[in-house]
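What follows is a single structure, written as structure tokens, with notes after it.
Order as written gives the chain letters A, B, C and D; numbering starts at 1 within each chain.
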Amino acid sequence: MSQLGPKDIITKRIALMFKDGDLVNLGVGIPGLVPKHVPAGVTVWLHAENGIIGSGPPAKPGKEDPFFVDASKLHCTILPGGCTFDTTLSFGIIRGGHLDYTVLGALQVDIEGNLANWMVPGGPLPGMGGAMDLVTGAKKVVVATTHSSKDGSSKIMKRCTFPLTGVKVVDYIVTELALVEITPEGAVLRETGPGVSAEEVVRLTDAPLIVPKSVPQMAL
Amino acid sequence: MSQLGPKDIITKRIALMFKDGDLVNLGVGIPGLVPKHVPAGVTVWLHAENGIIGSGPPAKPGKEDPFFVDASKLHCTILPGGCTFDTTLSFGIIRGGHLDYTVLGALQVDIEGNLANWMVPGGPLPGMGGAMDLVTGAKKVVVATTHSSKDGSSKIMKRCTFPLTGVKVVDYIVTELALVEITPEGAVLRETGPGVSAEEVVRLTDAPLIVPKSVPQMAL
Amino acid sequence: MSKIKPLEEAIGHVKSGMTLHIGGFYGVGTPDEFIGEIIRHGIKDLTVVTNDSGTPEEGVGRLLYAGCIGKLILSWCGLTPIVPELVQKGKLELELTPQGTLAERIRAAGYGLGGVLTRTGLGTIVEEKGLGTRITVNGTECLYHPPLKADVTLTEAYMADKNGNLIFRRTQNNFNEVMCTAADMVIASVYKPIVEMGELHPDAVNVPGPLVDILVQQKGALS
Amino acid sequence: MSKIKPLEEAIGHVKSGMTLHIGGFYGVGTPDEFIGEIIRHGIKDLTVVTNDSGTPEEGVGRLLYAGCIGKLILSWCGLTPIVPELVQKGKLELELTPQGTLAERIRAAGYGLGGVLTRTGLGTIVEEKGLGTRITVNGTECLYHPPLKADVTLTEAYMADKNGNLIFRRTQNNFNEVMCTAADMVIASVYKPIVEMGELHPDAVNVPGPLVDILVQQKGALS
């Protein structure tokens, strides 16, 4: 039985998807925990919308470069082998299919691969930033989310009701209970979380999942 | 009476159009003579399609940079204040209206402002290179050409018959006999060459020109 | 004729009612002195195109709180709560645009293209609100967005020479480079002392000098 | 896993029938060793996208005279008289494209755009031959051109680090930078000795390393 908390289960499973040299963009929130789970020997290059590949750890206090922040507004550093560039190339990389993965949080996600993660109807209006570009352009779109909302309803829905970030764009949904792949046939339960049965996942999900005969647990 | 030969009349008149700081692209042939006539105190920045602003004189023998040629394949130098860039930005500068002038030769040019300068029907097929972009994008398109072909027919025609470089793109035609401006009303004779009368220009031109009451001679 | 001008003379070209491109991402690469000068002059009814609205104290947010902006075209305004207030009161027109589409719309204006064809935003509010128009090209559905040009671009650069060649540092570039191609007038606020022509590496220039009209030396740069 | 490979292994990825983007303008920025290796392997029926065909002895011209090319998409071929001969014999398909449109078509593929909208070529042979399709957008007539992607991009760079970050010198860049965004595989021929990561200035990089798959060190670079 794993000792990992829900967010670490989610982000460790996602970190294990990457192969050496992959280029990855991480959204705010849970996806920010992914880097600490990348296995030794695998180098993942982080991409930031404002024009960085290879953004490194936060700058030490007093050493902040006033001309250098990451996409979360943190004064960051650059790793050896990294580089910077303008917004058009940054989004060329995103939209041109050069990102191996984008990992994003969700307000809602559904079994058709629709994602809503930028706006709650009637709520504040922050703007979509680069999220619509990321879900449209990246080779693989991975949603990192707890399985249920605070009210107990499942985050994986039959159909999103909030304004969408992208239509039929999601490839994988990873929660602490399940790794679900969105396929043309439907949402397939590929793995369950540590100590969780397929039946349990199905019971805690408000949308039909395709359950293969054998569903392994995540190998974390 | 000017002592200048026909090509120097043409290119000196064109050089006098520029104001300090103008960005200019020069085609092959006669336009190459323009720089030597730019007046002292006026700095003109030359743009080359392959990604140069501020290309300077040819490199000295033995000092050629193998990674540096201008758009005529000559190993050139760069002037202080010049810079280099890729083809997309180079043509962004051309197509985005950032060139103050492009000066081009002509096979044919007509009073509607159509230009044919890249292909003789049945002749060799060199390709349009950047000429179609230049005539479409530059703020002012100036055609530099001798007034007549070798067979004695005028280069300024009623209607071009060769494959066009651009439709209704020419602003000025400068020959050793005339400076003609293409306007929505027609081709207006603005100036005559040194020692040439308006009547003479009209007689030597196979297309109708609008002749204002007073047509000054070029002030060279 | 020198391109280097005092701050007040440079910003004298910015008039009420104009459309401005303003560079910056979370304030990095935003020309702060220009923002202050616009507020000081009481310029109003600006259409501002920018990545984000910064905060009430930083970047384009300062213009919002000072009441200088009539229309805002950007991708993110999450830290300036005045935006929904002003929109609700009818005092601000807001056009939320995906960040990549915004950059390409500006580039299309600067590069003389007829517009942008992108799959980003298909089936979302971007299409529903008519910001992008669905068309089918080459067998693929896309949204068409028109070019987005400004009267004036306000940009910040790390280094410049007297010809206006600009070099940015790290993430200072963001929208600045492309915005310098897409306005009738480009005004740059330069961090480091402006150098003589020939002192910048010609291959390292981000924005060619002829695209830049006016250079303003930032205060303190010569210290 | 190192991106640095021997010449023969690198060009082993180029197969007959493929579409190649090949950088260079009058041979400057063209990876000469790659051209030689393709000829040596007898690769045929290539579709080559490039600015110009160089000369019989230089650049893409060598591939033409060696009979490696079935289709040529470029803006200029004035110094390779074999082109009209091969076209007349039906042995070569030729697509002449305005240089700026060619660059934007490649960029559209690399940047995930739906195509190019340009006024260049309106009313010319470009439209008559159906290379561009006239459409009206935003009240303006344009030609639409589809994106232009390659299986492999062959590029030359002045400097590179082991992550594949590339820097070009002077006019070596031309189509190289944009071509590196628009192919399934990018192979770079590097002039200067390839350096460790961290040795290139991060703001001076022209092509980010993750876009580049294979680096080949040019012969003599280590001398």
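As a convention for this text, a contact is a pair of C-beta atoms (placed from the backbone, for glycine too) under 8 Å apart; a residue touches a chain by one contact, two chains touch by 3 or more.
Note that this is a predicted model, so its numbers are computed, not measured.
> Provide the labels of all chains in contact with chain B and in contact with chain C.
Touching chain B as well as chain C, we find D.
> For the pairs A-D and A-C, output the one whose chains share more C-beta pairs in contact.
Most contacts of the two pairs: A-C.
> Express in whole angstrom the distance between the two chain centres, defined as the mean CA positions of chain A and chain D.
34
> Return the distance between the CA-based centres of chain C and chain D, expressed in whole Å.
Computed from C-alpha means, the inter-chain centre distance equals 32 Å.
> Whole-Å distance, chain A centre to chain B centre, using C-alpha means?
55
> Please compute the C-alpha centroid of chain A, do the same for chain C, then give the distance between them in whole Å.
30
> Using the touch rule from the top of the page, what residues of chain A touch 2 or more other chains?
In chain A, residues 78, 84-85, 88, 91, 94-95, 136-137 touch at least two other chains, as defined above.
> For chain C, what residues touch not just one other chain but two or more?
Correct list: 104, 107, 111-113, 118-119, 168-170, 202-203.
> Are the chains arranged, by touching, as a line, ring, star, complete graph, or other?
Contact pattern: none of line, ring, star or complete.
> Go ahead and list every pair of chains that touch.
The set of touching chain pairs is A-C, A-D, B-C, B-D, C-D.
> Mind pulling up the chain B residues that touch chain D in the complex?
48-52, 65-71, 73, 78, 84-88, 91, 94-95, 119, 124-133, 136-137, 163-167
> Name, in rising order, each residue of chain D that touches chain B in their complex.
25-26, 28-29, 51-52, 74-78, 81, 83-84, 87, 94, 96, 98-101, 103-104, 107, 118-126, 158, 168-178, 191, 206
> Which stretch or stretches of chain B touch chain C in the complex?
20-21, 23, 45, 53-54, 78-85, 88-89, 91-98, 136-137
> In the complex formed with chain B, which residues of chain C make contact?
Going through chain C, the ones touching chain B are 1, 107, 109-113, 161-163, 165, 181-182, 196-200, 202-203, 205, 208-211.
> For the complex, give me every residue of chain D touching chain C.
So the residues of chain D touching chain C come out as 104, 108, 111-119, 137-138, 140, 142, 144, 146-147, 167-170, 201-204.
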